[in-house]
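Structures are listed in the sections that come next.
Next come two complexes built around subunit A: one with subunit B, the other with subunit C.
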Partner chain A sequence: MAKKSPKKSSTTAPAALSKQDVKTLNSLRGLADEVVRSAERGRTPSLDIPSRSLSNVRYNKSKRFIEMGSGTNRRELFNLSQAKSYMQTLLVGSGCKQLLEQGKTTSIRGLYYLLKHTIEGSREETFDDQADCDPIIEDVEVSLDALREELHVYASNRGSMVGNILLNDSGDEIDCTRMGSGGYSIPSIVEPEIIKFAKCDAKFVLHVEKDTVWRRFNEDKFWQQYNCILTHGSGQPPRGVRRLLNRLHNELGLPVYCLLDNDPWGYYIYSVIKQGSINLAYESRRMAIPNARYIGLRSKDFTACGLSPSVTIRLNEQDVRRAKQIKTYPWFVNKKPWQQEIDLMLKNGFKLEVEALISKDISYVTEQYVPERLEEQDFLD
Partner chain B sequence: MSTVNEQSPLVEEPASGNGKAEGHAAPRRRMTAEMMAAQQRDISVSEFFAKNRHLLGFDNPRKALLTTVKEAVDNSLDACEEAGIVPEIWVHIESTGNNRFKVGIQDNGPGIMKKTIPLIFGKLLYGSKFHRLRMSRGQQGIGISAAGMYGMLTTGKPVKIISRISPRRPSHYYEIQIDTQKNRPEILNGRGEGEDIPAGEKGHAYILEHGIEWVSHYDAAEGEKPAEVQHGTRVTIELEGRYQRGRGSVDDYLEQTAIANPHVTLHYLDPEGNRKTYPRSTQKLPPEPKEIKPHPYGIELGRLVTMLKETKATTLSQFLTGSFSRVSSSVARKICEEAKLSPRASSSRIGRREADSLFEAIQRTRISPPSTDCISSIGEELLLKGISHVVPGEFYVAATRPPAVYRGNPFLIEVALAYGGGNPVQKVTRDTLAEMLGETDARTLRQFIMTSFEGLGSDAAERILKASAMGTRQSPSKLDEAEIAKLHEAMRNVNLESGQTMQVLRYANRVPLQFSQAACAITQAVMNTNWRPYGLSQSRGGLPSGPVTVMVHMASVWVPFTSESKEAIAGYPEILKELRLALQAVGRKLGMYLNRRKRVAQEGERRNIFLRYLREVATAVSDLNGADRDGLYDKLLHVAKRKTAEADMRFDQRGRAIESPNDFGDHVLIVQSESEPEEPAA
Partner chain C sequence: MAKKSPKKSSTTAPAALSKQDVKTLNSLRGLADEVVRSAERGRTPSLDIPSRSLSNVRYNKSKRFIEMGSGTNRRELFNLSQAKSYMQTLLVGSGCKQLLEQGKTTSIRGLYYLLKHTIEGSREETFDDQADCDPIIEDVEVSLDALREELHVYASNRGSMVGNILLNDSGDEIDCTRMGSGGYSIPSIVEPEIIKFAKCDAKFVLHVEKDTVWRRFNEDKFWQQYNCILTHGSGQPPRGVRRLLNRLHNELGLPVYCLLDNDPWGYYIYSVIKQGSINLAYESRRMAIPNARYIGLRSKDFTACGLSPSVTIRLNEQDVRRAKQIKTYPWFVNKKPWQQEIDLMLKNGFKLEVEALISKDISYVTEQYVPERLEEQDFLD
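So, the complex of A and B:
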């Protein structure tokens, strides 16, 4: 039976493989060998994928971050509900192998397009949309214990940085003091092979929730005045941003301060930066920053800063539910200030965005709010 | 009994107005009793039915054509079966222009004696079936002569009959008209004596020469000498009619007759010259039904009085035991005791009052139900053969109930069910469709589809029209070629399984009932049966939907029709109960089949899902570690097959291995479809 699509471009010469690549390739091959072994013994080919659910993570009190448990989900080829995802897992594996051998990287969206095709003899697509593909990539990461970058896959850039630091990104010198109004766009992969810290004079890192606030700080040259690095992660920070923060903290010893909205979403972003996320619990050791600190906004700021009621946003049902859930997280449950903080927000019945401070004065946040907190060391842990 | 006496009330009082306002002036008499008496006279049955032809099924030209064919075919079948001849029937319809049709029906029956031919075909209410209790198609002896009369009234052409009793004796040929005033046949040919056609070759020549229609030989396989039709009767009637296909048509009637009469071969030549033959699927005649005496429970007072008058028995006891079934002398004695009459009383002396108490006594006395061997069922095996020959499908089941009794009349219900197969709408060819569109009197396309094809509801019609992008209210006769093609395409391709309603074929004594569906006890029983547990969807109090044809046959010595036109069966509780039980019996089997079909489909789906992904997996693996892709695929396929087989076994809840295909019990026929779940070639 002739196969129509000449899939593998054998014309491309294999790229020189790094040690890491060889290791990754070997584990990918292991994945395939298992299938062949099962087929030969007449058994159902299966994969044990570490479970990425809330039930399989636990909070490591001594390390102070979320760790993945040992629970796995078995994915079988001959199981109606798993057959397709099993097939997809192997497909992602073969796609990554292709990337590795050619020494190229692609976005997760690119990988999705690389692997998407109509299954022979049917009208079904291998992947219906990218949302179908992304969790499979994470599955491959966890089951091979390989990082996304080791598979030559990255996510889109989200998040920027300015400050007193000199980087080397893939051989290019980057002076983060001369980044204009846009800042340095933090790539998805920020491993030492890609980004090296050349020189750093900054004394701390200020991470803000989103772009608009970050611009305020950048325009006011806050980082110059206070000699710091300024980052944002467009809401929930992507892996690249979190990994970079982690490296700045661990390798350069810079404290990380977070300026986030006073709402359950903001609390959760802080929780992810500090303890790691449930979904990426296997990456916590590389991502979590247990010593990060929460500057604000605080529930008490409404009265402390004398804000007008018109800048508040009422908590909806979902917010209340989410807040109560966050309150019970093991890493918050024993911290009295946090319990008080959340209780106060619930009592207020409203949330506050960082932008609300602009109602006081356009630069209130950069000239007064943050400097005062830093001065008073008024943080939440 | 040739006349009906009209009892019109005599008008003695002044008929008009109220006397008050007119004071004392004597009202003018318009008519005197004498004048009226002069106008009062006998009415002949023929005249009566000539005026009231709708009573006999001649209400409109389309139905007239059908009724004519039906009466003739029914008579032919009755005659053949009574004589013990395996019937072969020829139905020829020929258009003679001007909405006139020449209908010729020939059988290979025993033939008719020369003397009685004119009476049978030229006199209403003449026949052998009225006075006896015996299962037969015809009952009154009106049908065929009424058809002849209708033909004569509308076209003026005589009825032509040719009948042959034996190959050695001359055949008789008659051209008859009915004298409607006297209800008497009038023979036109051979100077009022009819013609004799000599036997043998000379006869064949005579037939040809005189242009008499007669099929002289049976069809024979190629190379064989065709056998001569040695005996039989052919009646030819020319009448005004309308030929139209679809529901309630001649074609429909013949098809349904073929289902219920698998021992009959039918040759049909339609007005457009198409020949169609329904070959018999068995040589075995149905067992001969026995004639029975009436059962006392089924008798009415008036009839009892008449019987008492007519009886030759001398004593009451003799009368009771001799005229009724299931009345022994001890039962007769009990009845007499109950009625406080002497068993030895003279039966001719029983007066009105005594008859009344006798009638009451009969109702109070326990009498065993009538014997039921007088009914001949079609039988499950032949029902299956019949329905599977004519209705395409994948699953057939039949059930015959034991005989039961209503109002003292034994009867029996049998049901056959066919599931699957296409709808008639999907079988129709484009040319036929174009013709049907031209012929129909439906005003809208939607109406056309619903009335022309069995088992299509408004839902299905709308889906077809939507698929063909045509309006529901478009006129069917004004479609152009392209539109017809589009409609035809849509009819073939639209999935109608869910939009289809159950098709109910009703039979009484093997005769299909084609009209008054809603009024019929059979339809009521089908609608009142809950089909949902059997895997069909059904809206409350409606016919279930799905590609199902159910055929229901009621056999009885006396079928209780709701009207003289014999279109619907009356709903006696006993009949409804038997109908329900029979329908449930086939329903259960259908449910089992549908359940299993669903399971097989699921199983196939499971396997398909795995198979679909196996090649992808094999490709990915071979990309990753360079394994032999096709070899791996084969191995995985092997595992897949084993795994799904195991999974299927587990599917049965009772822990049994998958049942063998024959556990439906008897009288089930499953047609394997050719399309097995596809397997990608390795």
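So, the complex of A and C:
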């Protein structure tokens, strides 16, 4: 049954490189060339890493997403406090180069294991643990202006999709109208080299927070009736889902509606989809969807939908703190509807999950709530 | 864009019932008939709920899985301490009946919202929170000998599949050889009414613990080369994945190999796949796979594969405690290889993740480790 393969074939066989791979490889080589140039000039090899601290992150009002400023931190080889991270940065770069050349991808955990070893002639580890390695991966991303996925490193894969779209994923044709009850599992790397949009009849994307709600919409064939694409991201959507939504929006011109809970966590998910996150500000350009719309539960829905007090959930201290914080986000602070929304939630003293609508009827959300919101264009921006 | 649907259509339109649905509905009606019979005889309405306590769970040596004993707890309507849970049980039963009749499914969270309300003329809630409702769902499952999925209630959906198998999922043909990099997302309800096996050329199932490892196998087209089905369950596999593995094993006769980490958590995942879990002992019959094999990392692999100390992870106190506990499980206690395996891990003082093999080569696990274990039939049972 088990065929024996030649050992270590993977390290020797060079992979066919895509155009994007060639570009990323060139950036990686540029990183190494800098070291050589410095040495030749008799200078201390150093790297200027864009700073990922809060002080170097700002909301760009015209682009309408969070982006990084121009601040950088210098990392030098001949500096006791910087030598290790300097070497780690080059090590991560060489690991990514290996992945690209082999035409393989791995997780951040995999890259950590690929690079972890005891430095010869010492008792020093290249990385003590994963927490040592992760920020360095981000440093390399931001230095090269390359998404993690372009470096062949992927995040975990959560989230599914169905709807009126035909994809090509790694050479396989994926018809998202015929994916049964499970749906197409959205991979973590969805760059155009891997996922190509073949044909799309859908008119918009409905992104829901949870797989359980997604299932209701899929079971009711909502995407068929309303000619859309249906996605979920198992809570805060992982990078692959965010990037795919971004591509569906920008390349196919599809509006993106987000059906999220009426709680600070739902607001925050919306904020990340729309404006990007502070931690990963350097990715906003390819992840953020400033035109995304919030079609999720609203504080007014308790009255508007005539919900029972039974289905409300009291806000806890953390909820209140988070809500007040989100209220001051620069992209919410000047938006009256959002200020009113958050104020009313605080006044209500409770939050509402999308599932609370089940108390009206099991399919209220698919047959009434979302259709009415869409028809009346009643959403928050 | 948004078409308006008739309101509340779902509650009125009766669904076409499958054979299984008719059977489940009959069981639910039986539950209600008992109440009527008791009333007619002038007796206290009561339910005998099979006990799910540890003392009523045992390992069946001939069936080789964990099963429930015959102990039951009586729940009476006219008993102050039991009245609430008695009524909750019938309420959950009526909720499931509604789902079945409407031909809809929901999550345990959805069912909770469906049933939660303030009892008329009182300030009493049917359920105070989800934790109140979940055990009652289990009570109904076990009383009716119906899987949660047969009651139209589903768990969350994690896990993907690719490989040489053609399915029919809710009328859609799913070709698992053409699922790209993302794979087919395994739904939480995989009963034969929903998922039918159309054609299967695969010779075995390789179930891996994590999506990141699964991706390595998919990228290397392992399932093509070794003619198998590749699944993962994002850690402890959810019910849908366990049930699907069980069906692939029992209905198609496919051996199931589990590639898990060399740590107590990996051992425990194996134990649950193979023998079932104590909490859900009543499901073992349809979930457990007593012939599943452990092809995961072993304590001997540190030496056997020549791994570097860099990639080991020191056992913490909890690991040691769990390992000692698992060693005493009745299905491991008489198996010398398992005793040696766990003893060696304790002696090593460290654990090993599957990803640690990346330190040998990025595709060592797909090109060497698993093929060799399969060829030599070198696994734990």
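General remarks:
Going forward, the second predicted complex is superposed on the first by the 308 of 381 C-alpha atoms of A that agree within 3 Å, B and C clash if a C-alpha of one lies under 4 Å from a C-alpha of the other, contacts with A are read in each partner's own complex, and residues count from 1 in each chain.
Just so it is clear, contacts are C-beta pairs under 8 Å (C-beta built on N, C-alpha and C of every residue); 3 or more make two chains touch, one makes a residue touch a chain.
Computed from a predicted model, the values in this text were never measured in an experiment.
Residue contacts after overlaying the shared chain place A:V333 against neither subunit B nor subunit C.
Within the superposed three-chain model, A:A304 lies out of touch with both subunit B and subunit C [touch as defined at top]. Contact with subunit C, but none with subunit B, is seen for A:Y226 once the two complexes are overlaid on the shared chain. Within the superposed three-chain arrangement, the count of touched residues of subunit A is higher for C, of the candidates subunit B and subunit C. Of the two partner chains, neither subunit B nor subunit C is touched by A:A198.
Shared-chain residue A:T106: touches subunit C; no touch with subunit B. Within the superposed three-chain model, A:V22 lies out of touch with both subunit B and subunit C [touch as defined at top]. In the overlay built on the shared chain, the residue A:S185 is in contact with subunit C alone; subunit B does not reach it.
On subunit A, the patch touched by subunit B and the patch touched by subunit C overlap at residues 1, 7-8, 98, 126. Subunit B makes touch with subunit A in their complex at residues 606, 609-610, 612-617, 619-625, 627, 632, 635-636, 638-640, 642-644, 680-682. Those residues of subunit A that touch subunit B in the complex are listed here as 1, 7-8, 28-29, 31-33, 35-36, 38-40, 42-45, 77-78, 80, 83-84, 86-87, 90-91, 93-94, 97-98, 119-122, 124, 126. Residues of subunit C that touch subunit A in their complex: 1-11, 98-99, 102, 104-107, 109-110, 113-114, 116-118, 125-126, 154, 156-158, 160, 167-174, 178-189, 194-195, 203-204, 211-212, 215-216, 219-220, 225-227, 234, 308-311, 353, 355-359, 361-364, 367-368, 370-372, 374-375.
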